[in-house]
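Step one of this worksheet: look at the structure below.
Labels run A, B and C following the written order; every chain starts at residue 1.
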Amino acid sequence: MNALPLPLLLGMPLAGGFILAAIGHRPRAPEWNAAFSLGTLLAAAWLTVQIVESGPRTVFAQQFFIDPLNVFLVALTAFVAFTTALFSRAYMRVEVGHGRMTAARMRLYHSMYQFFCFTMLLALTTNNLGILWVAMEAATLTTVLLVSVYRTPASLEAAWKYFILCGVGIAQALFGTILLYLAADRAIGAGGDALLWTHLAAAKHMLQPTIISLAFVFLLLGYGTKVGLVPLHNWLPDAHAEGPTPISAVLSGLLLNVALYAVLRCKVLADGALGPGYAGGLLIGFGLLSVVVAALLLSRQKDVKRMFAYSSIEHMGMMTFAFGLGGPVATFAGLLHMTAHSLVKSAIFFAAGHGAQKTGGQLMEDIRGLMTVSPTVGWGLLLGSLAILGMPPFGIFASEFLILTTAMHELPWTAPVLLAALGVAFAAVLRRVLPMVFGATSARRLAHAPALLPVFVHLGLGFMLGLYIPPYLEQWYGQAARMIGG
Amino acid sequence: MNPFGLLAQSFAVLLALTLAPLLKGWIDMWRAWLGNRSAPGLLQPYRVLHKLFHKESVLADTASPLFRLAPYAVFGCVLLACAIVPTLSTDLPFAPAADAIALVGLLALARVFMALAAMDIGTAFGSLGARREMLVGFLAEPALLIVLFNASLITGSTSLASIVETLAHQQFAIHPSLAFAGIAFALVSLAENARIPVDNPATHLELTMIHEALLLEYSGRHLALMEWAASLKLFAYAGIGLALFFPWGIAQAQSPAAMLAALPLLGLKLAIGGLALALVETLSAKMRLFRVPEFLATAFLLAVLGLLVHSLLGD
Amino acid sequence: MSHWIVQSLNLFASLMLILAFAMLSQRRILSLIHLFTLQGLTVVCATATVAYATGRHELYFSAALTFTLKVLLIPYLLHRLIQRLKVQWDVETLINIPTLMLIGIVLVVIAFNLAAPVAQLSASIARGTLGIALACVLLSFMMMITRSKAVPQVIGFLAMENALFFAATSATYGMPMMVELGIALDVLVGMLILGVFLFQIREQFDSLDIHHLERLKED
């Protein structure tokens, strides 16, 4: 057993960030970007194989900790980051052609893309809850620059809102972390090790309940802002709609997951100190509210990326609800939902991005007849939308089905609410998507070849998850679910 | 009641009567110097009082007896207030009769007389000034009360004399709540004594004047009494401020020597306080009138914060 | 001896609270920066006092770090920023100031009540000040959401960071060194990014009024 893959995993995007800061404006930079992401993916795969073989472990003076929960997220993150880099290669070239991106902005974009991946991987793998906070804040900073990369008034506004709201939110999380440290200080003594998650988890029954209950509220508010939980979601649609499409894809597909991961880590500690009801209740409340509010707001959207951003809020709410229910089945479903949502939602953003690029605008009433313009984009958007709405046989159907059945057992009154919200979302999204795909259009065919391999790979995987979950994946989910769900 | 206490009490009253105009002169002098003007001289307030007492008092035709009574009532109230503020010694026979709350009441009574007298004549300026004065008063009095409560909470008494005894003679301790109270008190004193930035006693500009508008109809000895009362009020506030926040050096009971020692210390503290006041007045600009409620609300809230902080941090 | 130290820590905490209120009610951007600098200085003094009292040398280091960052570097950057942006004038708050102060008092009461049970469990000598630190966090938050201009929002953000730092010092003698370094780095980078951002916003909108940033709305 060697400790090589982890430094490789973190070093690859970090080095990529620095190197692309120097050469990110060159014509071949998109390929370099994809190459670094591929390197990260390979390192993640290596790491995953090691963990599957040898089980959870800590490395580097216990500063990093890999277990089934985060290794599966690491693999997912590295994978989606790689496919997004592939998509971005084609997509951003067109943006340069349209004059929306200059060489200098491309350099910033590529460099920040790699740094962003680095911060997410750091947040996932670190064992230190303080470093987790630092990485989350750094992820905010890098994405702020990515969202504002077009320098249009709207993108600046979105980025400003994003920065201020997430900055405030994440400051609450820091207060929560301080309180956690205070509790740790009493239970296991002060010092650099007191914030290590493994130590806290080992001593979680000794943590002072009063402190932990307050700390968890602050942590949930803080990281919940980044998850996009209603009513802390205001930044999310703007940031998704105004940034470049590859960034919308990774924001929705990855960053929200990482934030939810942070909440889950804290939930494990809170459950240990307070029993299962407290943190679960809060998560159920926020989750349910997010699902309902986002579903109602879906129908009012005019911008295609905004609409799917609201859909992300809805799905993050769904996962939060599932994790709040707790228990092996709901938690398993939550993890499955996380995976399927990441894959499908980023695929949708890829397809929608190409569609919007063709018409030159993101307004849904301007996007028509994708099927005639480019059948692959049209099919991608249609299948993606069906998948995200929970149509069988896609993976989201399976996870939503599991969540709903568990909800019926555990909290019967929530099941009709969820079903109604899902119905509203279904009608709202399909009403918008069908004209975009099938409507009549006078637009010319696309001049450039869209990068649609990522779309169909993601959709294919999402499809597969609905029918068949590979045994090792199921084993991970099971292990992770036991850990979070208790 | 002991003879020494009586002596100390009458000495304190005499001291207030004589020192109050001097304090005003000192502040005016420094204000002039700081403003790059030549000063009128330290004794100018005495000269003004002397001149006014030798002038005939002119009364308006519409004046009622209240108008004539008011200067004496105001002067009496303020003088009584000065008598219960410990400046040299805490052994004041009058002090048990009136605590800090009564002190605020005395000052409020003086204000009511002044406002009534100003409205009595029926001129526009009088009622305007009275209205503004009552506005300031109704915001400043609660703030002042809470400032005093801050000190009472620490010492467990509302009597100023025992507050000073506890603060000055127990083991030295930092009371964070007094920091809040101190700032609040400074704001309240500026407003109550018609100083910049709330009011400017040196002008008669109808848009802004508060205090001077109340005195417009007075002349001769009535005006002299009113002016004297104003400087006594300033002296009383200075006394309260020193007693609450800088109580060191105030003599305890039954000690003529300590009282004599306290006298130069009091002079020094007043001189520094006066200089600080002149500095504040020179450095700040007069506020618009509608900002005054905000100014005093800040003072009130700071005083309340002091109470909260005291309850959080304890002793 | 420790009596003295607790008292001076309490005094510093009260100063933090006074400064937080002063910032809440301050209209002038230049004065806001001065108040922010003073707040940073208070945090430095408090940290150094705790370091002296507990004999933890890493706290001296973190005090020095705060001093460089929050008292020297960031105020300097802010001064440069407002000079180059020419925004020294007064900025009205969205809610009038007495109301703002009243809400502030309510926040203080809430914060004190939230923190009281937690503070009792802390072993720190400065535990009483945890409530004040939380109150300062909430007040800075208030300050941010009641300003319509970009620069005061940034200062509010930084003040919140100060208050959090103070909370860490008072409750647990500071966070582990590595975490503190990370936080400092984040704050500095964030500050730089914001500075660049402000120029871009002004370039696009010819103003730093956040009211212009209201085009993205639900409908």
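Quick note on the criterion: a contact is a pair of C-beta atoms (placed from the backbone, for glycine too) under 8 Å apart; a residue touches a chain by one contact, two chains touch by 3 or more.
Please read all numbers here as calculations on a predicted model, not as lab measurements.
Enquirer: Find the chain most remote from chain C, comparing centres computed as mean CA coordinates.
Expert: Greatest centre separation from chain C goes to chain B.
Enquirer: Using mean Cα positions, find the chain sitting nearest the overall protein centre.
Expert: C
Enquirer: Per the definition of touch at the top, where is the C-beta contact count highest among chain pairs?
Expert: A-C
Enquirer: If you average the CA atoms of chain A and of chain C, how far apart do the two points sit, in angstrom?
Expert: 31
Enquirer: Compute the distance, rounded to whole Å, between the mean C-alpha positions of chain A and chain B.
Expert: Distance between chain centres: 65 Å.
Enquirer: Find the geometric centre of each of chain B and chain C from their Cα atoms only, then give the gap between the two centres in Å, rounded to an integer.
Expert: 36
Enquirer: Two or more other chains in contact with one residue: find those residues in chain C.
Expert: none
Enquirer: Show me the residue ranges of chain C that touch chain A in the complex, using the header's touch definition.
Expert: Residue list for chain C touching chain A: 114, 117-118, 121-123, 134, 137, 141, 144, 150, 153, 157, 160-161, 164, 167-168, 171-173, 175-179, 182-183, 185-186, 189-190, 193-194, 197, 200-201, 204-205, 210, 212-216, 218-219.
Enquirer: Which chain C residues qualify as touching chain B in the complex?
Expert: 3, 7-8, 10-11, 13-15, 17-18, 21, 25, 96-98, 101-102, 104-105, 108-109, 112, 116, 128-129, 131-132
Enquirer: Which residues of chain A touch chain C in the complex?
Expert: Residues in contact with chain C: 128, 130-131, 133-134, 137-138, 141, 144-145, 148, 151-154, 156-161, 163-164, 167-168, 171-172, 174-175, 177-179, 181-182, 185-186, 190-192, 194-195, 208, 210-211, 214, 237-238, 241-242, 297, 300.
Enquirer: Quick one: which bits of chain B touch chain C in the complex? Just the residue numbers, please.
Expert: Its residues touching chain C are 173-174, 176-177, 179-180, 183, 293-294, 297-298, 301-302, 304-305, 308-309, 311-314.
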